[in-house]
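Once you've had a glance at the structure underneath, I'll fire off some questions.
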């Protein structure tokens, strides 16, 4: 008999919670027994997440009715988890938070980027940043996991090898992220209204994206990081292109070497760089539902500019899958459990 | 100096009102001087209709601030125009209503399809149904025009020749309409939320569509009309395919003849039926922004079934353009004024 | 140790073959050892099916280099499998054909719909039509499976209960299928050129669809079946809406009863019919990658018309998944093996 | 009587030629009398450009059958116009070339970016670069106009004010262009196959885009310009975001001032920068069919980075509209003739 942990998902009617639920249902060691939603309490889960029709008979309950579980997954709007963390700590030994509340370890950085004092400053520093590629050792045995932000993940994973190896120390990094509409959540707004959003390319954060704070915290060294975020007509996915400048003499072969050295054993990172064909660079279109981060690059030998590209599904490797992978590591399970889906082609 | 009429648009922050505004700005005899919106009063019109940026400095005002004009265009939610019609009649000699309020001439039909008594029954029968192809003679000199419904228009124009000529008298008609998201209006809802709507094919009215009432009123003869309406991922457009059964011996050549006879002189109806190529039947993709209704057909000689296809832009030939064409006729102007845009390819 | 069969896929660079390959890679009893493609011989499979990157190191080979396997899956253009069937029969004990070549049992029907004499008439009648819901008993132990057509499957599954129970005997059936672009295959054409296809609603087969022949063969009784097929901007998926007329006194509750009675135990059919919500009817958007056929209906009590809706992924329940389910039955395995993916929301 | 010039379009079955044709049909001084296409010779123009159905009865002819006209518009693949320029010069007094052949004035730059010697080096320097905002004076009276490249135009117009005023002299510029599928032309390829392209975000030119050569030639001063080009699922449109760094003390107000000073009188440039709303920055979605270049910006005061955004329709302001505007200037006509379409909302 395999070990099984009970799981409760708080705020499970949103996209991040729904995605964790989907992944957990294919996980051999997890049993989701409770899902909360204030708005949809009493409603069958499959009415909100119709992909789960026939797969679960769970109904949403109010958070007030939450009973103790082994693992609590918090999928609440930013700011909510921190305000109610004491309540949640009474319910479960292991807590995975999908929001931004516990990602930053520094109260001042939090204040700068989120515009207010942290609601639970005593928690700062207690959580492990849920990025397996950077924090695998820290994650082992962790019971407080703060899932990395989606755009942050695409940027961090794109840059980590070159930064870790000191190749681009001190130099400007200019990154542009193309983001799908699901990143803005499950609530309908004027911005998400189909006639307005369909086919639009909308710069929504030209400067000052909050996820720069996570990258600054997690990546070693110093570098000016410039982020621009643009909404695209996709539902899922982030494609990040980052321009960095390598030193004279640093060759494309060296870049290959850096990524192989750092990511060679990673189960969810694939280097995608082909000389020809229509799939020669990363494309989020191929990653819907998967936990992969595909990474590619191309070098302009005249200028030393390297364009690094990364693609993820913002709800999986960007949120729920990253969290699941972190939980697998924390528990000492096979890292890929629940994350086996390879994606579709065409799609 | 050409004649110029002043125009006020009530409810001009919605899609139908905005589209009438766009068309009116290219019309040589119309000057839009007022546009109302309760929600956006005080806001420049181009903030809501960004395509008009640089073209107009109009600001929305409240309906209470409406001053007298020559033509009042009502672009209000269904039910609102009828309730306030006395107020509007005091403002303008000519009223064009884009809602469903004055389309039906029969109070009982209204009650059946709209679920309540008509708010202004004395108005029933005073309005001309704004369908130029069927009501051109009635429209001449009209000062009360009730713009035809968008799905109704696509169905009526598809079927009119065969019905007028008695070819399909008494036989079942089964029509399926594929409708773009703009048909549901400018208000964001869960149904219009981009992650939900993008790529969806959602049957929203399998049976009992209200526009059947308009078709029953406007088309001569008797025939059981069965409508099914499906949302598609397009923003604009309706493609209707209608199956009808012609009598033994009625040939494809006869169908051609019927459509040529009835529509031969129509400026906005094009018969689209080619033996080959990718554009051999009507496709709403080609009609965005235009006032065309493209009509095609194909016959199954084994069964006598004729599939008639019609495509329109729901906001133009389906609403504001149909209204403009009706107004042009009413005023004795060239019928195509303001409606010259040919559409884009590719798009 | 579980039983494992070796599998070869002929014509594996197309979408149907690629999809069978994806499913087989998650199947506990199948080992795909060979994939052929004349055009891509020598190329790694993941260059053509990029979702399989990192999952397989198989390379395409020429069909001439095919070695014996337990199961041969033929994913060739219509007409090719029949011409070469003797060659393939020498390679494997079990053959699954994904084309139309062996679906019809009647040579005359084949000639009528495919415009030529059957290339291997001695094969007619030797194959089991690969539709588990209708042919489960016949499939047990079968070694020749002719996978059902995608549009045929959506129509057949929508109608089967009402036809089997004799409810709509002899009455017209009018079905409209909305089909994604992957149904036309992996070869680029003018019709599939993105600027032309994106956003288009293109009637491609208003009358005379070949799949009517399959429905006529497989469904019991007699009924005039009228099909219209329309291309939509989706990549995957078919939504079929079929209008049928039930006898006086036959109620919505009776329709429910019919579908429950016939499909109550089916692992891949879900009845989707809710009173409210945005997911109250079947929508192919939710089914990408899954083997489900979602079925819903709505009744117009005034006319006795019932609109039955069915949604499938044309490449899974419409092709490769249907084939896999059939193979599972033929081999006596759990019917759902390899077909566990639940689909994504949102997507 | 207004002046009217006859126009011939060579290579008129492509998207650029078709778009010039559409614009010319609404132009009071132009009569398109001939359109050539080798592949479609003899075919009615509306079979290829279905938006012109009912508007023109022109048929394509072979280029060999071209008769003399006042204006010849060359819409040929890159390299073709230069090879046949002597032939074309015998046909018309005024030539407008939509390809890249005559944009560069320097043979070496041509060789570097196009990989071969210029086919007609004696022509270099005889043509005026067709960018009205930069070359209006040169365009007056011009009879050889080399239409600017689409991505080049979006980059040049975004940066011109800051470069002209010397604000960013010598500093890196990092620009990312998001481009629609029509930019790759009317020929179907594997890359344009709908199932592959739909929903994809495909980096197609991470470094080394040819249009950098045009920007280097046309923009004054020296600056390292880094371009990355990405395909998006739109059909039309380019959104460029360019990161530049302004000197200490240079404020957002100064940026405003620069753009107002340089573009204040431009009929087709709109500054789009609002504090709120969903249309607060440029979005190509709003520009389909129009000749506008919308420009916006945002400044990061911490780092001095300014993100300049520009949006155009690649086929209009990026090609045919830019050419028409240039021709209007060359002829001394009103600059906006034929370019009055304001665009659609929603769309």
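For reference, chains read A, B, C and D in written order, and residue numbers begin at 1 within each chain.
Quick note on the criterion: a contact is a pair of C-beta atoms (placed from the backbone, for glycine too) under 8 Å apart; a residue touches a chain by one contact, two chains touch by 3 or more.
Computed from a predicted structure; not experimentally measured.
Note on connectivity: the fewest steps through touching chains from subunit A to subunit D is 1.
Set side by side, the interfaces C-D and A-C show unequal numbers of C-beta pairs in contact, with more at A-C. Among the remaining chains, A is positioned farthest from subunit B, on the basis of C-alpha centroids. For the pair subunit A and subunit C, the distance between C-alpha centroids works out to 35 Å. A straight line joining the Cα centres of subunit C and subunit D is 45 Å long.
Residue positions 15, 182, 186, 190, 195, 199, 233, 235, 346-347 of subunit C are each in touch with at least two other chains.
Taken in their complex, subunit B has these residues touching subunit A: 15, 180-182, 186-190, 192-195, 197-199, 233, 235.
Residue ranges of subunit B in contact with subunit D, taken from their complex: 15, 18, 22, 25-26, 47, 49-55, 182, 186, 235-236, 270, 272, 274, 277, 279, 283, 286, 288-290, 292, 294, 340-347.
Of all the residues in subunit A, the ones that touch subunit D in their complex are 172, 174, 176, 178, 190-191, 195-196, 199-203, 206-208, 224, 226, 228, 230, 232-234, 237, 239, 241, 243, 278, 281-285, 296-300, 303, 305, 307, 309, 311, 346-347.
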